[in-house]
Structure formats: C-alpha cells, structure tokens
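So, here's a batch of structures to check.
Look for chain A in each of the two complexes below; its partner is chain B in the first and chain C in the second.
Now for the complex of A and B:
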C-alpha cells in the first residue's frame, strides 16, 4: 500500500509546493497578528506615551503637552529619590540571594532525590498551588503570624526567650523581605527545576565513575548546567521585586519605600508626568538588568 | 528499580523541603483558622469562640463594600482573559513554528511584556485611555492590561510545547490524506490539549488575582483584588480573613478541577 500511494503524494506535493509555501507564510503572519495587535495596543503604545508624557508640563488639574525636562531633574535631583532607588535595589539583592538559595535546593531535591515521576509531579504541584492564589491574601496571612500578639511572638514569650513581644517582626524591612521571599521563591524553583530535569543522568554517572565525590558532582557538573535556569529565575525575581509596591506598602506599614510605591503615590496625586519620568528611569534600569542577564542565557534555547 | 540506600543528603534536603512547604502554607492556614473567629474575636490568636459570623458579615454589603459585585466582575474578567489567552497563545505558538520576518522581535516583545513593571503598564494604559477620551473599565482597559501579563506566559508555554513537538505526526496524517485543518483538529490539538488547559488555568488565575495592573485601569468599578487591597488599610476585623478564605478556596477549586481535567485527558489518551 505504501508503495502505491507514495509516488502519488510526492507528485502532488511537488505540484503544490509553491502556492502552499506562500500560503504557509501568510498563515504564520495571520497567526502572529493577534499577539502583535494586543501587545502593540496595550504594551508598546502605552510605553511610548509614557515616554512622551514624561516631558509634559502639569498642574493639579491637568497635563499640558510641552517639552520640559524638570520631571527628570526634579526626581533625579532629589536625595529622597536616590535613597528610594537604593532601597529598592537592596530589597532586590537580598530577596534574589535568598530565593536563589531556597529555589536551588528545593529544585535539586525534587529533580535528583525524588525517585518516581508521579511523586515529583505531586510535590511540584504542592509548590505551585500557592502561586495561583491571591498575592494580597498571602501577604495578609503573615499578620496573625508576625504581629505583636501573633503566633511567633506568643511562642517566644511563652518559651521565656523574650520578656516583651518582638516589635520588628511585622511592619519592618524584615517583614517585607520575608513576604517577598514567600511570594516569589516559586519563580526561582520552576526554571531551575526545568533545567535540572534536562541534565543527562549519564553525565552524573560518568562523573561518579571517574571518582568524583557527590560534592564535586554538584559543583562541577550540576551547578554549571543549572546556570540557565538560575538566570531565568533571576530575571523573574529581580523584575518582580523592582516593580513591587504592594508588599512594601502593606508589610512595612508605610515605613519603607520603593520606586513603584513612589510612582503610585505620584499617580494618586495625579502627577502623571512626574510618575512617567520615574517610570522611564525604572524601566531603563530594569531592562538593562534583564539585558545583562540575557547575555548569559538564550531563553529560546531553554524553553 | 533498585538503587543505593538514601544518603544523609537526602534526609537533610527532605527536611529543608518540608520546612519550605510549611513556610508556603503555614500563614495561609493561620487565616483559614482565624476566619472562624467568634463575633468578639480580633485579628490575632487566640480564637475567641468559633463562629461563621465573619462569613455572614461578608454578605452584608455595607460591611466590606461590594464583595458580590467585585467577585462577579473578577470572575467574568478572568474567563475573558482565559479564552483570549488560550486562543492567541495557540495561534502565536503555531506561527513561531515557521520562520517569518519579525518573529524574533515579536518573541522579545512578549518577553518584554513579562519584565516591564506592572505599575508602568497600569500608568501607561490609564494615560492612554485618558488621552483618547475613553472611559477606563474592567472589561476594556483592565482586560488589555491583564493580557499583557497572561499572554507572555501562554506564548512561552506554547513555544516550549512546540519545541518538543515532532512534525512526524503531522507528516503521517498528511500522507494519509488529511487536510491541513483535519491534521490540526484530529492530530495536533488532542496532543497539546493538556498544555492548553494549563495555559487556560494560568490565564484565569493570573487575571483573577492581579491588581497592580488593574490599579489605574479598572475605572469606576473595583475588581476583587482591588477590593481586598483597599480593605487591608481600613478593615480591622476578621472579615478580611473570611474573604481571604473564600477566595483562596475558590482558587483551590479551580486548580483541582483543572488538574483533574488534565489527568483524565492524559489517562484517556494512554488508554486509547
């Protein structure tokens, strides 16, 4: 049967190749069009407008098309702005380091120590589920744990470790970092787990056969191969922390600041051009960081 | 399969993993318990009696604002975002299988959509609607804002799916005389259906819980996360926890239903 149909299909393929090829190219454009239109209208256009508006004049009532630079000079000339940027970067570095540490070991455990793939799936799902629930609820849920009369403080007082409740547990930088780690660690676990699962197990066998201790296997084989996953996780965590305003606001009780929170306050005062100037600076900073990380890893190859 | 006995490393890491899971779920279970606080109880332990008082309180409109209305809006928005995310990501995934001019810029535009701080998108769309003289609303501006967050996830997932998809199946179908549409409908679609359901779950959940992007784009009527965000500053009773419990349980139900659907699809496929 194969022998009978084969020449016919080859002949028909040869006859129709040209128009089909052109049709296929057209189809690709049509298929990509909705994505382009949506991102064009709701990402590109708004970003361009922000860049334009950042040069506009404004007062308490409205914005006026203009070309002024004081939105930039005002924000960059203020010591408070620089402190806010530094504070945001500080959160980014601390949260990045902690999530990388936790994320790697959790992914490493799932990939190399859980033996059956169904158990792997179940444990991975357990890690994923909280990510699909509300961030705000997950933030609020720390209040009864860390608060003045919260679980941790009552336990500490009851155990006689401290005489009075510890005040810095909630509404502090500590609480902000803790909540961010709670919210964002999964963004580190998933990409690292993905790369670890793709490591050829024969490499580990080979290293062990060649006499490597399990510590040497970890540092000389697994860690270098896990770098792309770590890079992608880093992109997620760093951009999420740099953009965060709600965690900083809720968990610091208004005592700490971040760039996005500063923007949000300007927006609620209708100072859109000032917020737009901040947005441009923040966006450039974030894109530079991402571009730097993308030099290490080619995302398209890792998917 | 027989392998070497568990090493000490295993036990250390197993404890670490268990602690991580407690860290993830511990606080959530705290508000779950506290939402059953008695009518005179406060925001922290101990429980002052057990009651459904705060759940009943949720249904009274004045107590917490418009909980029912914001829930309905978030649900409708989540479903809209889910449908569009699945369709557009699937189409884009198919497009990226071929080479076309602009494929790389479009891919990096999707990645950019993921890394641009959400508050900037919120600000940009808000100002855009203002300049166009359009009234922002949850079904227009917020809808678009949510898509900039869900679409990159969908596109990257579909990209990964088609990276691993062997064209041999389609060639076989075509050699058997199937048209392009038949090949897609009867060969490709059933094989990627579980991933599409996953994309749908992401689309719905990310939209249902999103609020940074909704901040300046929701217009007159709040979505549920905005309602909850507002409550964090001015509500000092366990009604906040009751709302948290209800929405979290709803999210859990959605996840369980989706995972169930994927498992049953996979099971049916292996049986066939």
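Now for the complex of A and C:
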C-alpha cells in the first residue's frame, strides 16, 4: 500500500522542479521510469487482469471471456458476503486496537526508557526473534497450548480453578484474535518506534520546562508526533488482517469465515472469476480504509 | 503447482503413501515380474502421469522403471486442480490418474481416449464392482457416481457413457476404498452404530466433519438420512431443495455448537482425534491408522447405513499413439499384474484386480486385509512399520463386507455450483 503512493510522490517532485529545459524534464521521467515499469508490470497489470477476469464466465474447467456481472451480483447479493465482511472487519478492529495499545507501549519503552542505543537495538532485535520462524508455525504452536487437553487447560484443571476444561480457548474468535495479535504486533511496534526515535528530545525538555506533567507530555507532544508511525502500523495491521485466511481457518477450526478464506475456497474450487470479483470488492474496501487513514494522518510529514 | 497442492486436502489421504516408499520398494519388490519385454530399456520411453491417486507413490515409479524400463514422471494435485488440468492442458500428461467423479466431468471434453478391453491383459480379473456396480450378484448398486456408470463408452469417439459393458473402457480402475466415521472408542463411551450418532447431544462440541464441499455434503447426506430427516432420490445428485434442506440442517447443528471444528487436510483430522478435541468425526482410513500408530485407540467404525466410497483409475490421454500408446497399455497391464495391487492392499486400500494382487501378499496379509481374519503375526505397512499386532482384526471386516456395503460413491452433482455456494454459507454461518 505504501508502495502505491510512491510514484505519486516522485511525480509530484518532478512537477515542482523548475523547468530548466526539455532535457531536465526528460531526466525526471527517466528517473521515475524503472519504478513505474516495475509497479506497472507487477502491480497494476495483475490488478487490471483481476478486474477483467471478475467479469468473465466460468465452469469447473475453464474461464470464458465475457462480460457478465453475476460474479458481483452473487457476491454482493448474498448475506454470507456481508456477514463475512462484517466478521473480518470485527477482527480487524479488535486486532488493530489491541496491537496499537501494546505496540505503542512497547515502542515507548524502547524509545524513552532504554537509555543506551545498543540496548535499544538488542531489545528491538529480541522483539523480532519470533519472526525467525514461519508465520504458520507460530500460529500452530498455539494449538497445543490452548487445546482441550492443552497446557493452559491442564494447568487450570490441576490447580482446581475450573472443573472442566475451558472450551472457548481454542477454535473460537478468542483464539483467532490472540494469534493475530501475536503475529502482527511487531508491525505496529516497528513504525511507532521509528517515529518515537525521531522525536527531538529537546521538545520533551521544553515541555517539561514549560511545566507540563508526564501525562501532558505524552498527550500533547509524543502522541501527536507518533501519529504517522501509528498510521503506518495501522495500515500494515489492517491490510494484513483483512487479507488473512490461514489464521482464521486454523485458529477457529474452520468455524469462522474471513473474506480471504471465502476467496480461497472459491479458488480451490477453480471459481476464479468469483474470487476475482471478491478480490476487487476487498481491494476497494481496503483502499478506502487506507485513504481514510491517510486523510486523518499525514504520514509523509515525518518520513 | 505440484509442491503447493500436494499438501492440500484433496489428496492428503494418500499423501502419506509416499512416506518411506523407497524402502518398501526394495523390500517388497524382490519377486521380479517376468514375461514383459524389455525393449523400453533400449528405446527409453517416458510416461507423464498426473492426478490425485497413486501418483504419490514413488515406489511404483521405481518398480516400473525396474520392470519395464519406462520412466514415470508423476505429478500429484488436489482433485479440483486435477479436473481442471485434465481438461485445459491435455498435452501435459499421458496418463490421467483420477477419480471416477472427476472422469465424469472430464471425459465429455474428449481429452481421454477409451481403451480397448481386448488389449487389457487383466481386464477379466477386474472386480465386478467396476463392471456392473455389484460386488456380489445380490449387491445393491450404490448412489452417486458409481464407477461402472462412467466406465464404458460405445465406440472410440463416443462422448457419452454406455449403459452397460462394452469393449471400450474409459479408465482402468486401480485404487478404491470405503470411508466411514472414525471414533475414539475410549472416549465415546457407548456403541456407535449409525451415521446419526455424530449428532448425538452427548457429543456436543466434540464432533467434526470435513470441510471439502464435494465430500462433506455426502457425509452430511448420510447423517441426514440416518436421522430420518429426508430421503434423497440420489445422494450423489441432489436437487436444490435437497441441498437447501441439508445445508440448513448443518447450519443449525453448527449454531447449536455440535461441531468442534471442520478439518480440511489429513493432518488436521489426525490431530483433532489424537488430541481428544473430537471423539467422532469424518475420517479417512490412513488417518485412523496414523492416530493408532501414536498408541491412541481409534476405530474406523462400520455403520449400519453403509459406507461412502471412492475409486480411481488410470486413463489414457487422447494424444497418445504409436509406441507411446503401446507403452501406456503395457504400463497399465503391468500395473494390474499384482505388485502394485499388493502394495495398495497393504496400505489399506483395495486393488481392482484382487486375484493378481493375492500372489504378491503373504497368506497372513491376505487374511488380515482382505478376508477380515485375525492377524497371525504382526501386520506391516509397505514401509515396514508395524501397523497391527497379531490377533488384530480389520475394522469393518473383509473386503466383501466393506465394499459390499457401499451406500454412495463420491460424485459430482448437476447443482455443483449452487451446492458450493450454500456450503460456504454453512462455513460462514
């Protein structure tokens, strides 16, 4: 998503430059050309193809070039789609709120409480350690922890806290949210940490000198300046959750649906045009969400 | 495609076939097959085989190379991808190793050429299930896409299936089995006798069915009928109303919390059962074996309504001709000559040419796997691992008891697309 905004940035830079001559203008375009080619070939073109295919007809074996709209009417006309989108948005909001809260305080600790920069680096690297294993493994490791006879339940039962194993720990919305928070918090920590590190420490001292309490420093100085990082983190987390299918499938035991899971089901049944229509709807929704975030926060301000 | 799809659900029941297959090839393949010309060794021929079934067993490719000198290139995909590839890339394969319900979708497009039964050396030995639909003369023909209904055509160019036995076979049957519910006998605490038992309120939150629409709907149909909710004209080809009734029932059961989870892949079903998350669920026979191999009691419970069955075979691509076609025939004749059959029987599947397979199995193995007798000694898997100790009896008993009680075959419905849409609603509900 961030990548999409880049050609615009470059183009606007090219435009603001004083026209020295045709050669200079040409040079600017030449500079933008490689990125344009890459994004054009590997992002815009595939997206265009998906949009085109979403209007095609299909059966089990093949797709037939056509212009039909039933892929959209079937998708948008079904209560399943709406419920699935609602469910996915619910996950997105919950996971976003939790990761933002955790992410901000982890970044805050790293940026302001850890004094030496070498220690900061070490602690930050520790945050990334779980990422040395694959996404799937980190997710699946929760199953023996949360299961009916898993670690948590055995501990609770043996400690006499509950008489029967707690069922909703695994294969539930709780499990999905837990796994997603675990998987995606770092995507919030990193950009927020980055912006916090760029805050001029003199500003904090000035605020103190002007008589601000710690809380006022936080709300009036740090939070406003951390907004771009929060916005970038939000974009990461929201787009990841909106596009997630494996976490939802594994952690809900197939009981819960997400938009991407719906698409994956359609693709595994080779209903590509239906999946393409779904993808276009999801893309539009996610782009609108990102546009909304960018309207609220100017992320370029602090980059 | 191979790499990514081979872990997916459609073929997973067989994906463990390939484990340790090389060792087994050496162990079991000492009795060399005689009577085949070895001309292919001098004039190397490669056959490209793709599909859902036995394409996963490397031991077969090795043995084939050894016996015939034919190099087999195998590609495994899940069943939906197999159907698509069969139709859209007919030149990418020589042998299609697919299930019968896929053949029903694929054959009318003309990508598979019928084989002349006269050229099939062991055609006479094929069990009658694939010729008439009846294993025994008094068997009842099962619902769904029964293999014999798509097994024959009238002529070389016919695009529709023949009503009865003709000289043109669409596919040589190779592998098939009967599926039922798996249970944890230590945890269910009572006799399980019918498909309806999975809906028993006592097992609330401890059951699972598989989330592969085309197979899951059949299991659901078996349950619905066992409960007496509905009587399908043909479970394998439901009307829209029947699909609606079935899915509405599933949605209600899901919302009441009857299911713990839905599984999509082989390993998920093993883990659900082994961890005790579920005590009764749809299962495939190698998954039951995998749970048992961990020392956990698990039973492939025969049920009074009968089994849901599946079967696959080898078909010839339309483009084959000349020496390649001869080699393909020779491969299929070798395939049905017994070594592979014995191998498959020892996996817990069934070979279509039982008589030839018998010669490649010990009397004890034959007794355990096929006749339903108690094992005399340890029963080993083709990989040499102990599967059952002496005295064990196979769940469901003999070949004739199991395959004689097939209630329906895996199938493709006319209302396929509608069914899948409703199935998605069930999962989203």
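In this section, the second predicted complex is superposed on the first by the 255 of 303 C-alpha atoms of A that agree within 3 Å, B and C clash if a C-alpha of one lies under 4 Å from a C-alpha of the other, contacts with A are read in each partner's own complex, and residues count from 1 in each chain.
Here, contacts are C-beta pairs under 8 Å (C-beta built on N, C-alpha and C of every residue); 3 or more make two chains touch, one makes a residue touch a chain.
Source: prediction; values computed, not measured.
K.L.:
Looking at chain A, does chain C or chain B touch more of its residues?
P.N.:
B
K.L.:
With both complexes superposed on chain A, which partner does A:80 reach: first (chain B), second (chain C), both or neither?
P.N.:
It touches chain C, and chain B stays clear.
K.L.:
Check whether A:159 is in contact with chain B, with chain C, with both or with neither, and answer first, second, both or neither.
P.N.:
So A:159 meets neither chain B nor chain C here.
K.L.:
A:143 contacts which: chain B (first), chain C (second), both, neither?
P.N.:
The answer is both, since A:143 touches chain B and chain C.
K.L.:
A:270 contacts which: chain B (first), chain C (second), both, neither?
P.N.:
second
K.L.:
Please write out, lowest number first, the residues of chain A touched by both chain B and chain C across the two complexes.
P.N.:
The overlap between the chain B and chain C interfaces on chain A comprises residues 143-144, 147-150.
K.L.:
Spell out the residues on chain A that touch chain C in their complex, using ranges where they run on.
P.N.:
These residues of chain A touch chain C: 60-62, 74, 78-80, 83-84, 87, 143-144, 147-150, 167, 170-171, 249, 252-255, 257, 261-262, 265-266, 268-271.
K.L.:
Which of the residues in chain A come into contact with chain B in the complex?
P.N.:
Counting only chain A, the residues touching chain B are 5, 9, 24-25, 27-29, 31-32, 34-36, 38-39, 41-47, 49-50, 53, 102, 105-106, 108-110, 113, 115, 123, 125-127, 129-130, 132-145, 147-151, 154, 182, 185, 214, 235-236, 239, 242-243, 245-246, 250, 260, 263-264, 267, 272, 275-276, 279, 282-283, 286-287, 290, 299-300, 303.
K.L.:
Could you please specify the touching residues of chain C with respect to chain A in the complex?
P.N.:
These residues of chain C touch chain A: 8, 78, 80-81, 83-84, 87-88, 105-106, 109, 205, 208, 211, 213, 254, 259-264, 271, 275-277, 416-417, 420-421, 424-425, 427-429.
K.L.:
Mind listing the chain B positions that touch chain A in their complex?
P.N.:
Per the stated touch rule, the residues are 1, 3, 7, 9-10, 13-14, 16-17, 20-21, 23-28, 30-31, 34, 43-45, 84, 87-89, 91-92, 94-96, 98-100, 102-103, 106-107, 109-121, 123-128, 131, 144-145, 147-148, 151, 155-156, 159-160, 163, 175, 201-202, 205-206, 208-209, 211-212, 215-216, 225, 228-229, 232, 240-241, 244, 247-248, 251-252, 254-255, 259.
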